[in-house]
Structure formats: C-alpha cells, structure tokens
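Labels run A, B, C, D, E and F following the written order; every chain starts at residue 1.
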Amino acid sequence: MKVHLTRRYHFAASHRLHLTDCSDDENRAIYGKCNNPHGHGHNYSVEVTVSGPVDAATGMVCNLADLDGFSNKEIIERFDHTNLSMMPLFEGKVPTTERLCVEIYDIYNKGFKHAHLEKVRIEETAKNSFEYTG
Amino acid sequence: MKVHLTRRYHFAASHRLHLTDCSDDENRAIYGKCNNPHGHGHNYSVEVTVSGPVDAATGMVCNLADLDGFSNKEIIERFDHTNLSMMPLFEGKVPTTERLCVEIYDIYNKGFKHAHLEKVRIEETAKNSFEYTG
Amino acid sequence: MKVHLTRRYHFAASHRLHLTDCSDDENRAIYGKCNNPHGHGHNYSVEVTVSGPVDAATGMVCNLADLDGFSNKEIIERFDHTNLSMMPLFEGKVPTTERLCVEIYDIYNKGFKHAHLEKVRIEETAKNSFEYTG
Amino acid sequence: MKVHLTRRYHFAASHRLHLTDCSDDENRAIYGKCNNPHGHGHNYSVEVTVSGPVDAATGMVCNLADLDGFSNKEIIERFDHTNLSMMPLFEGKVPTTERLCVEIYDIYNKGFKHAHLEKVRIEETAKNSFEYTG
Amino acid sequence: MKVHLTRRYHFAASHRLHLTDCSDDENRAIYGKCNNPHGHGHNYSVEVTVSGPVDAATGMVCNLADLDGFSNKEIIERFDHTNLSMMPLFEGKVPTTERLCVEIYDIYNKGFKHAHLEKVRIEETAKNSFEYTG
Amino acid sequence: MKVHLTRRYHFAASHRLHLTDCSDDENRAIYGKCNNPHGHGHNYSVEVTVSGPVDAATGMVCNLADLDGFSNKEIIERFDHTNLSMMPLFEGKVPTTERLCVEIYDIYNKGFKHAHLEKVRIEETAKNSFEYTG
C-alpha cells in the first residue's frame, strides 16, 4: 500500500543566464532576455514527492514535521532571497531551472531519509515547470 | 490510443489525528497541531484519473455523466461536511489523508466500471497532496 | 501617495453551524449540510488589507515583519487547527465565516498600529468569500 | 541526467458535441448539455512536456524560444479563437477534448524535433483534464 | 455590522464579436480574432457580491441556499453551454463580456431579494475580468 | 452604464531592498532577507483596471488591442527581465513594490487615453499584493 506524498515550498531568487565563454551576441541568441544584464528573478515553487508504505500505527507515509524541518533548513534557508548566479553551487555553470531542479533533487536524495524520494518539480513561472526523477 | 481523463471534485470535512493507545505527549510528538483537541478541518480536492481507448463513435474515454453520477453518490455524499474521525470507515484508524486516499481509490476500484482506474490524488491544503495508484 | 498592501495568511479549522435554541429540523432547514453532526472543516485564507503613505526613506507602507509578527501571534496561533465552535470567542454564537471575519477585523483593529486597517477578507472555499470593512 | 520540461499555452475555442448519425434524443443522452445547439466554448490550457539531457553548455533541455516558436505557429495560431467543430481536422469526428489532445500530441510528435515529446495535457475547465502520451 | 459575501459560479459558452452593420474589414479592425467566423468560447466565472447586516440569530448575511437556488435557475441554466450570440437577450447587440456583466447584474438586481446586490464580476479568461456595480 | 475592465500582465524582475545611507545592520533590521546581497527576484503580476461607459456600437469599455499595445510597450518591455535596482527610474530610491505600483500607475495615467484609469494592483508573491488608485 504505497502512497505518494507531495509537499510544496516557495522561495524567491534571481539569476542571469550567461555563458562567460560566449560573446554577447551568442549569449543573446541562446538566452534571449534571460541574458539581460544585472539579472532578473522569479518566485520559485518547489514540489518534492516522496513515497512509502502507510505506517500501520500513524497512518502516515512520513511525518510532515521531518519533511518541513529538512526542507526549511536545506532548501529554503539556502535558496530563498538569493542570487543563484552568485552561489558557489553554480560556479562555472549557468543556473538554469533545469540545473536547480537536479541540485535540489540531489540535496533531498543525499540527506532526507524518512521516505523514498520520487521526484522534484520546480515551477519557475505560471507557464514553465521542470521535473527530475534521478 | 489510450487517453487519461482526470476529473476534480471538492468536499469539506474535519478530522483529528489521535492514537488512542498513546499518551497525550506521544500524540503531540507525532501529530503536532493536527492532534489539537476538538479537531480541525480542510477543503479536500479529489482528482480521479481514469484511462481507456477513445471510443470511435463518441470520441470519449468515458461519459462524464457516469463519472459524476458515481462520484457524487459514492464520494461527495459520503464525505462532504462530515467529521472523518467519526466515520465507521475509520473506526480504530487515524483518518490521515494517506488513508483517505486509499479508501477513495478502493471505492472507485470496486464500483466504477466505465473506464480503467489509474490514480486518486487528494489535495488536503495548497501545500499538501497525496496520490495512490493501487 | 496612499498605497494599499494586502497580505494573505492560511489556517485550517472546523466548525458546526447549529442553533441550540432551534429544533434539529429547523437547524437543518437553515444550515443544510453545514449543520451535520460532529462538524466539518475548511482551509481558511485570510487577506488583511492595510493602507498608508509610502515612507519616504524605506519605500514601505508598513514593515511586513510587523504585519507577519502580529498576524502569526494573534490570528494563526489562535485559529489554526482549532474547532471554532469550541472557542470561547464564539460561545453562544454560531461561528459563521461572516462572524469570523468581523472578529478577525476587530483583532487587527484593536491591536495592529503600524498602518491603517482597511479590510479583512476570508475565503472559506474556492466558491465563498466574505469581507468586512468595519 | 534527463529532465522534463513542461510549458503551458492557452487558447479559447468553441465546439459542439454532436453525432450526425444519431437522433436528437440519442445525442442528448450521450452528450447532455454539450450537445446544445449552436455550441458552447472553453478556455483551453495546453501543457506540453518534453524531456532530454541537460545540455552541458547551456544548461537547458531545449530552448524555450524553439518550443514557443513551434507552439505559437502550430497550435495557438491554428486553434485559438476557432470553432473546433468547423475545422477540417475534425471533419466527420466529434471534437471532444480527448481527440483534441491526441491531435495536438501528433502535431508536436511530427514537427517538434528539439527534445523528446513525453506528454500533452489539456485542461478544458477547472474540473476536467485529459492527457495523451502516444 | 455590514458584511460582504461573494459567491463564485462557472459556466461555459461561446460567442462571436461581430457588427452586422460593418464590413468584414471593419469588424476585423475592431474585434481582431474575436471576430473569427463560427465563433469561439470561454469558461466564464461569475462572482456575485451581496451585502447586509449579519443576522443576530443565524450569523449569516443571507442563506447560501437562496443565493445558489437563484443563481442556478436564473444564471447557470440560462447561460451554461450556450452560444451567447444566438440568445434573444443579445439580439441586435454584440455579446461582449461588458454587456454580459450588465445583463447578469440586472437579473440579480430584479430578482434576488435576500440581500443587497453590490457587484457582479465576470472573468472571461485568466487575463480579463469585468465588473459592474449598477 | 459604467463598467470596469481589469487586464492582467506578467513580468519577472529582480531587486534588492537597501538604503545606501544606512549601515548593514540597519538595512538588515528594516528589510530582513530582502536586503540579502546580490538581490533576489519575483514573478510580478500587474492588474490594471480601467473604466468607462459601454460603447453603444462595439459593446466595449475600451479595445483590448489598445490596452495590450500600450501595456506591452510601456510596461512589459520596460520591466520584464530587468533588475529594478539598476533602473534610472529608481535611482536613489529603494524599488519596493509599493513604489513600483505608483510608478506603473503613473505610466498608465500619463499615457493611456482610451479609458479612465481606476487602479493598478501588483502581486509580488502569492502572499503579497499592492494597490494604488492615484
């Protein structure tokens, strides 16, 4: 009796999509207005999905307090109100939401042990979202 | 040519997460404020996903009138404006949304014969959702 | 240069709409399924609107930290994961969302001094909302 | 390191669900109010999901400019502000959203070559959605 | 102690914006793609706001059962799954959402007597809405 | 017969809330994490409300093509994918959303002549919004 639990968190951050090896024209051709100087930003919504059997006593897949504790410490405190382009995590790499999604998946995958990690999904805007399942 | 159809229903209910075998302190440790005396409640959103071939004549996976008829009778009339903790269905079991999800899946699985059941997903709040695929 | 600021908070609670002076039939006639025994619940969304001039230095109507501090202490801690029908605040009164709206307005009106209170709006479900402007 | 990217587009259209081979009563029995004469309409929301490895240089699954260019030309210009029942695409076929979903999947599948097509999902109303994965 | 109550209803309809007195080019210049032949459609969301004192006994502005009864009979049954351009109500008039809003306001204003009518707001799409206050 | 029309636009931008005259500690005390170095960002949603009589011929308050043309040129092209803190518009001023709201109101007020400007509302996040009515 395996159930999936999805929990949603929010943070706001900025980034600039820019390849230091490319010319301004090349960057503009690849990233369009996402390459604008000084960056821009988004309200990111992170949905983490974990799964597991429903505990016979508690009736839960995992305790939301554990998931919230981990997520607030490892995700929200780390990414909220930051400039992703300035984070060591993305040094030498363009902080696209594809990569952010993989990085956040890896953080849960290494550190969260209370249920099986299934998926991380990030909404960058109301029109765009990204998913990574490992 | 198998298509998935997802239909969303809404009901409001209350529950209290509480294990009668545990002390007040233990219950508080497990369920936090969800263990508050007298219960609390939610607007639950149920999404049922069914699948099947697209009928060559009607162009439909299944008739929404059939799905609505079943869902209103078996789900909405049964759960809407109730206290889940008082339902015979959850006697001796804590009515977590994990369990509610499994129970509602089982109701569709046993009774709804117009298309193949794929999944039941319940949103408990804007931050939490649960899925069961059998 | 007066600007309005609206901030949204969420809590989950249960209630039962029931007049002790009326018969079961009368209660059923007035409140329908909201009169169901044992109560039911909702995810309430509270939007508080305050106004004021934009501070020439900070550029703010009021500091969100002040509004959040007040709201968490006076609204969320008080109402979240409770049964409204059991609160002393509603003793002898049916805890409709109309009344909840007026009570929450009064709490801000008496206690929040960092900006002018304009309005409290409560969404009870995706279909219902209530507003009180004093 | 395969990531899924989902992009959402919107269009408004009308249709009438009606089988020319059936009597009025039969049509009414099958399609209910969706068979009303003169048709009715919806705001359709199309979500297309594509997948692929994250490009080592750009950090992207595919360039959104390519996906937007294709989608605007092949989907939005074609379906927005139309009457689906009058389109040659649905000649002799009832334009249910199941069929619309399959047709839009096929358009991406034949023409969009910048990433692997995973899924097309269409929301017809806030209560109904359809998915096709090929 | 006057409280505002807002209730949301949904219907789907089609229309075509077209002036019979104007040439095709003029119609195209005024209405753009909303003038496309055969029409198009929307999911309309109607929000009606009424106000009144909170009844000392029931705690309500007005009974939702009365508001729902009226709205289902006079609004939903009348407009849901119709082609607005074919309704006698709009004979000789282009059925813009501005006019639909005024017509729906007038229906409540003439017929709904259980609370004071404040406003009718219609969302035509996620980007457009219209309000009329009499 | 005056109707209000509200139209919603979206842009993404970054900003940092920081007073150059204040110490780091003072800035931190006033703006909290919004003062984080390198800035952060949001998906801003702008709702502009205009009003006017319904034109007897066209049935419209104003032509959406005019409103979209103005808004895309004067608002979206100007603010989308920018860092508000680097704009000349906010030189020497902290680009709070209160101020952004007033500036955008002023742009419509000076330049948009097709209907009466009523209000500009900006959603900064799902929890915060600001309104200015001049």
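As a working rule, a residue touches a chain if its C-beta (ideal position, glycine included) is under 8 Å from a C-beta of that chain, and two chains touch if they have at least 3 such contacts.
Quick caveat, the model's predicted, so the values are computed rather than measured.
The fewest steps needed to get from subunit D to subunit E, moving only between touching chains, is 1. Shared contact partners of subunit A and subunit F are absent; no chain touches both. Listed candidates were A-F, A-D or D-E; the one reproducing the A-B interface, defined as more than half of contact pairs identical by residue number, is A-D.
We define each chain's centre as the mean of its Cα atoms; on that basis subunit E and subunit F are separated by 28 Å.
Subunit B and subunit F, compared by their mean Cα positions, are separated by 41 Å.
Distance from the subunit D centre to the subunit F centre is 33 Å, each centre being the mean of its Cα atoms. In subunit F, 126 are the positions where the chain touches two or more neighbouring chains simultaneously. Every pair of chains meeting the touch criterion is listed here: A-B, A-D, A-F, B-C, B-D, C-E, C-F, D-E, E-F.
The residues of subunit F lying in touch with subunit E in their complex are 1-9, 54, 57-61, 63-65. Interface residues of subunit C, counted against subunit E in their complex, comprise 17, 19, 30-32, 93-96, 98-99, 101-102, 126-133. Those residues of subunit F lying in contact with subunit A across their complex are 10, 12-15, 33-34, 36-43, 80-83, 85-86, 125-126.
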